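Right after this note come the structures.
Shared between the two complexes below is chain A, which has chain B as its partner in the first and chain C in the second.
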Partner chain A sequence: MDIEKFNEYKKLTRGNWGKDLSMLKMMTVGLLNQNKDEELTPIIEGLLNYLLAIPKARKEGKKFIMHPFNYGPEIFYAMDMVPLMQETYSVGLAPLGLNEPYLDLTNKIGYGDNPTVCNAQRPLIGSYIQGVAPIPDLLFFLSTPCNSLAMTYQVFEQLASIPTFKIDVPYWTYNKVGEFNDNKVIDYMVAQIKDLISWLEQKTDQKLNLEKFRKTMGKVNQARQYILEFNELLKTVPCPVNSQAAMGNFLSMVGYGGTDMAVNSTKYLRDTAANNVKEGISGVPDEKIRIAWPYTHIFFDGDLLTWIEETFQAVVIMDLLGFYQVLPHDVSTTEKCYESLAKGTLDFSMIGTCRGPIEYYIDFLLDYVKDYKIDCVIMPMQFACKHAYSMARVSSEAVREETDVPVYIFGCDPYDSREVTSESIRGGISDFITQVVL
Partner chain B sequence: MIVAGCDVGSLTGKAVILKNGEIFSYSIVPTTPKPARTAKNAMDEALKKENLSLDDIKYVVGTGYGRVKIPFANSETSELTCHGKGAHSFIPSIRTIIDVGGQDCKVIKVDKNGKILDFAMNDKCAAGTGRFLEVMARTLELDLEELGPISLQAKNQAKITAQCSVFAETEVVSLMADGVEVSDIVAGIHDAIASRIMSLVYRVGLEEDFTITGGVAKNTGVVAYLEKRIGVDAKNLPVDPQIIGALGAALIAQDQLTA
Partner chain C sequence: MPIIEEFKNTVPLMNSWIESWKNEGKKVLGYFCSYIPEEIFHAADLLPIRMRARECSDTPMGDAYMTPTTCSYTRCCLELANRKEYKFLDGIVSCNTCDQIRRLYDNIRYKAPFPYHYIMGVPGNVSDTTIDWFKHEIRKLIEHIENNFSVSITDGKLKNSITVYNRSRKLLRDLYNLRKQEKPPITGTNILNIITAGTSIPREQFNELLESQLSQISKENSSSEYRSRLMIIGSLLDEPEYIEIIENLGGLVVTDSLCLGTRYFWDLIDETTNPIDALAERYLTKVSCPRMTDGYNQREDFMMDMIKDFNVDGVILQRMKFCALWWPEIFMLRNKLKEAGIPSLELEREYILSGAGAMKTRVQTFMEILETR
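This part shows the complex of A and B:
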């Protein structure tokens, strides 16, 4: 990173952010220092600005809204609010080993126990008890992907008396020919999006600027287009980027979708992949194995994918979050913008795969395995993620039967290193790759 | 030619010494906090039985969770491979191996050559493992070895619904308080274990013939309830099923020298 740029960001991290922003500050400083000797990519720059926006919002008196990991924040940006993905905490603190004490605090107040409720959300409860996480002005969540998330958000709501809005993601009918064949679903979602906007207008005391809304949705579309092209480029053998790259798209869309930062980040990834394809450069030298990873990363083991790459010359082509597959939509009118928001909500990473019939998920996985020339599937399954566990079994059977590609399922808690250790996870993966795949 | 395999598991350490391809000696010892010491204890005991010293062993392969910490091992390999190799060496028709160890359970599918095709592991929860049986034996104030035979005397099997060993313990205490026959409770415990193991069996699919290895394979109750759920009898191994991992490691050691 250019030293002047580094110092510029360093300066922004200085000062007292307040106790409730202390962990956020630690994450920001950590991210900056970790990348001091690396290229300042638009992804890292985007993330830094995303984190720095929270203390800035406080100074400027802007409304700060918290939302889950499966919702694009474009409408919040369109309304000049500052969003924060709640799981920034659990994901950001996991590799530092700092989730565990907050999980223990959460256990102490009797809200769930490992691993009965998802630990993507629970550390924040402990953080609130300690006063080291900021109470947002507003809270937003969805009924999908799971009951666990919906339950925990209601705990946040009550714990801190935060005004909250919830969107009900409906179950849907599915056939492979027309994914959005049920117009009732879209209409239902559009109505809820409009209710959300009305609620936000009331809470922020300002009307949605339609011109800004359309511009924001245009930027969302541009980023979606880049991601679509990036996802196509991943079909190339060897894969032009490493196992971590796709996650950059997800972070862009969940963190700052609808902004120039997201457009720049997704364009950067698309350009990098396209250039590497052209030059014959692979993300993992001498790629031998292409892995589908249809679940989240193991957040407490930040080096796991690199270890897989270096040990087995294997590249993880897709993880469930990184494989963002919301298509660009018509945003030529305000009404179409609402529809695009609705469709984006319905097909956001993990919502799209978890909101409906298992057949949709199975088809998604089978198509992926075939189209992306996958050699094996590794499915980490979080103990608390009950529906994902059941999906794993059914979908793994389908993959084995229809593609003959081997599948490895292992239980773990991606946020708590005490449940299944990194050593155990690596041992299982090693056994699978060496004994079954190779 | 004398070679050995050493399997450092979570509850026991095992060593098998092969002489000219035949089992010459073996041992099973309790695990100590240090895998290296467990390995040494196991190997010392096996050596002592036939008045051998470590210098007599030409090659040692380590396996089990503590395999990387066996100081005298020439190489190490995964227990999946070892259980596959060990079981297949006795019964070549074996296609599925259910290894029920002290703290984990594995279902391993192999091809006609003993090569692993697929596997599933339960690597966290104690339910469906030897530890679960230990906890239950303690709760019922029985010896571990008594559990299997007692379970087969059941007339009206109790229902243990909890999958978790902690909750199952509470359930067992309640059943005892309700005056349910011990044999019926023990039968329920064994069926609960079988049910847990079946979830792994379903994951990879069971192909006949199948056998059961690991310490829990010596429990006649677990074997019977598992066979009942699967609907097929397991093939019996002609040696102690607890040493199959170490035996597989020893066979790999032999292959290393003859390759």
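This part shows the complex of A and C:
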């Protein structure tokens, strides 16, 4: 990173952010220092700007809204608000081992345990009790992908008395033939999104600027187009990027979808992948194994995927979040923009695969295994993730029956290193790859 | 035979009422949640049976497919479905009430299918938009049943069914009102026996039994002694023996917030309006369970009203192990009770009663705390 740029960012991190943003400040400073001697990619630049926008919003009196990891924030940007994905904390703190103190506190006050309530959200309650949870002006969440998320957001809403809006995500799909299709789903979602916009207008005391809205949706669409191309490039053998790359697309869309930053980040990733394909460069030297990973990363073990790459010459081509699946839509009119928001909500990472019947997940997985020339599937299922863990076995049987590709399922907690240790996870993966896959 | 014994006869999955119903060549459907409008099945002349799995002793299949960290109710149901213990059912109807019930439905379809399956989407919050959507979901369920069972569910039939079910609700409220007395004439154990029976026998017969029961106990004065008046709150509980343990220790359960309790029957359905509108309105706005993401204040108010109206001394907050809905909910309710100075006891349990010894010790201690106040 250019020293002047570094100092510019350093300056922005200074000052008192307030106690509730103290951990955010720590994460921002950490990210900056970690990348001091690295190239400032649009991904890192986007993340730094995203985090720095929160204290800036406070100073400027802009509304700061918190939302979960399965919702694109474009409507918030279109309404000149500053969004923050709550799980930035649990994901960001996990590799530093800093979720654990808050989880311990959460246990102590009697708010769930690791196998019952998801630790992507649970540290929020412990950190709130300690006064270090970010207190947004507004809160927003969805009824899916899980009860756990909806409950913790609801509890946070009550504890901190934050005005909150909820969207119900229906069970049905809009784009598949068969028993799970319902041609009224989009209308239902559009109606709810219009309710959300009315609520936001009331809370921010400003009307949605339709011109800005259409421009924002145009930017979302552009980023989705780049991601679509990137995802197509992942089919190349060898895979042109490493196991971590796709996460950049997810972070861009969940953090700053609808902004120039997301357009730049996704273009950068698409261009990198395209260039590597052209040059014959692979993400993992001498790629031997292509892995589908249809769940989240093990966030507390930031080196796990690199270890898999180096130990087995294996590349994780897909994870459930990083493989962003929302397609570009027609956004030529305001009504089409609403429809795009509706489809984007229904298809967002984890929502699209986990909100309805098991077929959404199985079909996604089977298509992926076939299209991306997958050699094995690894499912690291979180104990508290009831909806995902309890479809793992049937899904793995479907994969084996239809593709003959081996599947490894194991239970863990991606946010708490003590539940199943890194050594144990690596041991299991090693046994699977050496004894079953190779 | 005391009428309560009639209710207790419904404990086995298959009871004599179901047998008679089947002998008439009529169909029986299992359903999973109090958010599914039973009136629709009744209007189709199908017998709705709330899914129970109390005969389940171990869950190897449930553990393997639902995994050991899902609630034992869903594991038990999958287990019994796999063992064909529900073979008297002609099908099941589920809903997306919680993640575990939703995935139970998937696992049943793949590993232990029934002749008929349907799942309905129940919105997770209440607004004009979601109520409209729920009307759509109700119409879809009606259409699906009509097509699959060659029946016609008219508005007239639905209105009649609403009246029949409202009759149950009114009778149950009358029964609950008797529990406000200083010496309630019925125990919480028997109340759970009655309500559970209501979900496994034909509704008209249930209403007749309920009327007889009311008439019988209205004439009686309770001779039962108790140490404290309790309210019980929490997740699915269809095991009267669980409450019996508490009552044997002197804690008389006088009211509840249970899905086989007040959350099942407390709110009536408007009989004067379009039946589908009335069903959608009632089922979505009824005293909620924590699956409803915007219902906490309503649930808290309901609890506090019940405590006042039924003169409750203490509250038992029970939750099934691994329930992601009820643990956070109980965390909030417990804080509210503490703030209001009302003692509470939190109990974790499995679907099938286990660890009764430890439970007795904790309840006994709770009783002593209540008595020293």
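The rule is simple: the second predicted complex is superposed on the first by the 429 of 438 C-alpha atoms of A that agree within 3 Å, B and C clash if a C-alpha of one lies under 4 Å from a C-alpha of the other, contacts with A are read in each partner's own complex, and residues count from 1 in each chain.
As a working rule, a contact is a pair of C-beta atoms (placed from the backbone, for glycine too) under 8 Å apart; a residue touches a chain by one contact, two chains touch by 3 or more.
What you are looking at is a predicted structure, and each value in this text was computed from that prediction instead of being measured.
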item	value
Greater residue coverage of chain A in the superposed arrangement, chain B or chain C	C
Chain B versus chain C as contact partner of A:D195, first or second or both or neither	second
Touched partner set for A:G411, first chain B, second chain C, both or neither	both
Partner chain(s) touched by A:K212 [first = chain B, second = chain C, both, neither]	neither
Partner chain in contact with A:G110 - chain B first, chain C second, else both or neither	second
Which superposed partner A:K386 touches (first chain B, second chain C, both, neither)	second
First (chain B), second (chain C), both or neither touched by A:K62	neither
Which of chain B and chain C A:R426 touches, first, second, both or neither	neither
Partner chain in contact with A:K373 - chain B first, chain C second, else both or neither	neither
Residues of chain A at both interfaces, chain B in one complex, chain C in the other	383, 393, 411
Parts of chain B lying in touch with chain A, wherever the complex brings them together	65, 78, 80-81, 116-125, 202-203
Residues of chain C that touch chain A when the two form their complex	64-67, 69-70, 74, 96, 98-100, 102-107, 110-111, 119, 121, 123-125, 127, 129-130, 132-133, 136, 140, 290-291, 293-294, 296, 321-325, 327-329, 331-332, 334, 346
Footprint of chain B on chain A - complex, ascending	383, 393, 396, 400, 406-412, 419-420, 424, 427-428, 430-432, 434-436
Contact footprint of chain C on chain A as seen in their complex	109-113, 115-118, 141, 143, 146-148, 150-155, 158, 166, 168-172, 182, 184, 188, 191-192, 195, 356-358, 381, 383-384, 386-387, 389-394, 411
